[in-house]
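Labels run A, B and C following the written order; every chain starts at residue 1.
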Amino acid sequence: MATQPAIEARELRKTYTTTRGVFRRERVERAALRGVDLKIAPGELFGLLGPNGAGKTTMVKIFTTLLLPTSGSALVLGLDAVKEQWALRKRIGFVFGGERGLYWRLSGLDNLRYFADLYRIPPAVSRRRIPELLERLGLLGRERDRVELYSRGMKQRLHLARGLLNDPDVLFLDEPTIGLDPVGARELRLIVRELADAGKTVFLTTHYMFEADAICDRIAVIRDGAIVAEGTPSSIKTLVQDQGIVEFEVVGMPVERLAGLRSLPGVTSVAISEHELAQVVTVHCARPAEVMTQLGVILDGIRLEKVSSREPTLEDAYVQLIGDSR
Amino acid sequence: MKRLVLEGQVFVRSTYLQYVALFQWANPQGYVAYKVLLPVTQILFFVELGVYATGRQNALYFALGNALQLTANAGIFGVIATVANERQYGTLPILLASPANRLVTFLSRAFVNVIDGIATVVIGLAVVVVIFGLNLQHANLLLLALCVVVISLTTAGLGLMFGSIGLVMRDAIIIANIVYYLLLIVCGINFPVSRLPGAVQVLSFALPLTRGVQAARDAAAGASLGQVGGLLAGELLVGLSWALAGYLLFRLLENWARRGGLQEAY
Amino acid sequence: MRSLARAALSAFRVSMRLRVISPWAYLNWLVFPVLFAAVGLYVLSTPGAASSHVVYGVLGGGLIGYWSVAYLDGGNGIQDERWNGTLEQIFATPTPLWVILLGKICGGLLFGLLAFLPTAAFAYFGFHAVLPALDAGRFVISLGVLTLSFFCIALTLTPLFALWRWAFSMLNGFELGVYVLCGFMFPVAILAPWAQGVAGVLGPTWAVRALYASTLSEGPHDYASWWLATIGLSLAYLAGAYFLYSLVERRARMSGQLAMV
């Protein structure tokens, strides 16, 4: 990368030490991050995928200056998240998923005004920006209602408005769609994508595959505190490229006819199983679409039924990457 | 026989919930703070106040009154915490759907809290007796102990009323807080009931503690059971009345809830 | 600098608004002080007791309410923010925690002063008790000095509450002990010598003594040294607070425990 990365982690480690027991204190150490290296370019929408407890939230908290790493360095916009927290806090925003973190008994507007002052935004700026944010996030008209009367989706959008108050260059979103209904989640994803398109760097954690696949420019998969894969959604999918499937049924076909299928590029296996009168053929391949177009040519004159195909999904890749740790 | 087993199960479950409510402190510091520090400093404050106003010879008067009032701490707040737990663990509907005897179910809510109340009084009184060097040589200690048990029962009776209120009102704990401190004024804990306005005195004798504390002071001065029997009987009657009123309210709420009128009870 | 002042003012405003709609706040500045004042007035006006005792009933409930609101604001405020999940949010803003707490604590002090109104009214109408020899000037100065000490204590204790939840439980449990040691409702002089020693290092004790002296004609009136004692102790607490805040900042980021519920 030629330009300075917006977010960078070098050998980032975090070990939590807790004490257990009342009379016999016992120290328990748990490694949440085991040496993470990461570079995210300005303007990138980066997704961090991983199961619960993999270290996603720990990473976000370190970048947002809420948590100190045990070793290694965390830089955001070239600022050290450990030592330069005051300068950094002005330039980043963060949103944690869930309904907490708002003053429920105050109105949405009061919440925003309060945090605008805590973010030390000049009044002239916040007077202009708060209505803009309310409008953009679809809260206009409800801003004077108490937050406790808001739906979950509205609360989450209010969270996002709060995170955008200081017009941050980098936005951290920790599982922002958790607990939202499908419509609310999709609205939020659209807004996040728009923010990235407008030039903001977005660091998003999630455990919804389709969410990462749908909006992220680049993703990393974290497992047990270590990055196990990194790249664009499609490059991650190539990790499981042999997991595309084409399946069809034939009646009374000579087995030799399948030889042509086996020789197609990208095909890793062809299996046949007898199913009453019919035979079910399953082809594992990298590019199901290509296999489909060749089917008619190779199996000319044979009647195919129930033809189906499935591209490898990010979820397949994720399950393969995470699976063996379970 | 089957009936008895069922009642037993309900009793055990209820007792367990009270136990959980009582020891839900996340750490021993919490227990020390609210079950030792709070009672002891409360007695100390009022005893010092009384000593300042009326002289050191009256220390026992204030010590006894305020120590016995502490049973309300266990009785009222304990029962409310139990009901809050029933809500939290969702055991109330199970209880309501069971064929168990309602009265037994209801009364069992206060079992552990009565014992806790007795323990609180004993700890508080012991500390004050040592600090102020109180003389209990002439006291009828057995009778005093009986008074402590009776008062723990009667304040728990008042607590059961608040337990029922707690079923419908989330902020019942606020009312309980007010009543708890009100008892310090109206029940002859720190000054004779006779100094209160007439209308308030009616309330005094409708509440637990008033007669019981009087009986305990007499016992500490050496009175016999025959002399304070009437006071203790009255005290028990008042406590039982409150428990019964709480029970009737509980049944009323139960019927109301079954007709769908009261969602919040669960 | 101006943006920090604005942040503190905003924290002040929000804390006031939250308090206006919280039933607990009314309990603390209105109900409890009056209940304590009632017990105090009845006991202190026991037939045969010295008439000068009654001033402790007139002001005692108010002092108890003032203190409770002032320090509860720090403790409960932090606990509430923790429960709401906002503690972490405000911690992550570019405004230092002490600035936010400064605003909140000022809100608490203003609300706490309200406690004197219902208690004094109760004393006047219920007991016809007044302050016989009120020296208004010295009374106001003493109240000001007391306010300074409450402010410093609240500012010092609150970071402790942010870090150690049990510290708040402990102080809550010991609340009536504070009333005893600071002489809110009776003079510290009646306590055992060791307890008087402990009381002596508490800032409010001396200001409370000056406050009561300004309402009574008899007894010593050593105002200057009492005020200085309170101011000196309060400043010492502030020095401790300075270290506590940097400790909180570091410890909180080490363990990430601000998010815990």
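Here, a contact is a pair of C-beta atoms (placed from the backbone, for glycine too) under 8 Å apart; a residue touches a chain by one contact, two chains touch by 3 or more.
Please read these numbers as outputs of a predicted model, since none were measured by experiment.
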item	value
Chain with minimal offset from the mean of all protein Cα atoms	C
Remotest chain, chain B as reference, centres from CA atoms	A
Cα-centroid distance, chain A relative to chain B, in whole angstrom	55
Centre distance in Å when chain A and chain C are each reduced to the mean of their C-alpha atoms	48
Separation of mean Cα positions, chain C and chain B [Å, integer]	30
Interface hub residues of chain B, defined as touching at least two other chains	27
Residues of chain A touching at least two other chains	none
Sites on chain A touched by chain C in the complex	16, 58, 61, 64-68, 86, 89-90, 94, 96, 98, 100-106, 110, 113-115, 117-123, 162
Of all residues in chain B, those that touch chain C in their complex	26-27, 29-30, 32-34, 36-38, 41-42, 44-46, 48-54, 171, 174, 177-178, 181-182, 184-185, 190-191, 195
Of all residues in chain C, those that touch chain B in their complex	23-24, 27, 31-32, 35-36, 38-40, 42-44, 46, 48-49, 53, 56, 165-166, 169-170, 172-177, 179-180, 185-187, 190-191
Touching residues (chain side chain C, partner chain A) in the complex	3-4, 6-7, 9-11, 13-14, 17-18, 21-22, 84-86, 88-95, 100, 250, 253-256, 258-259
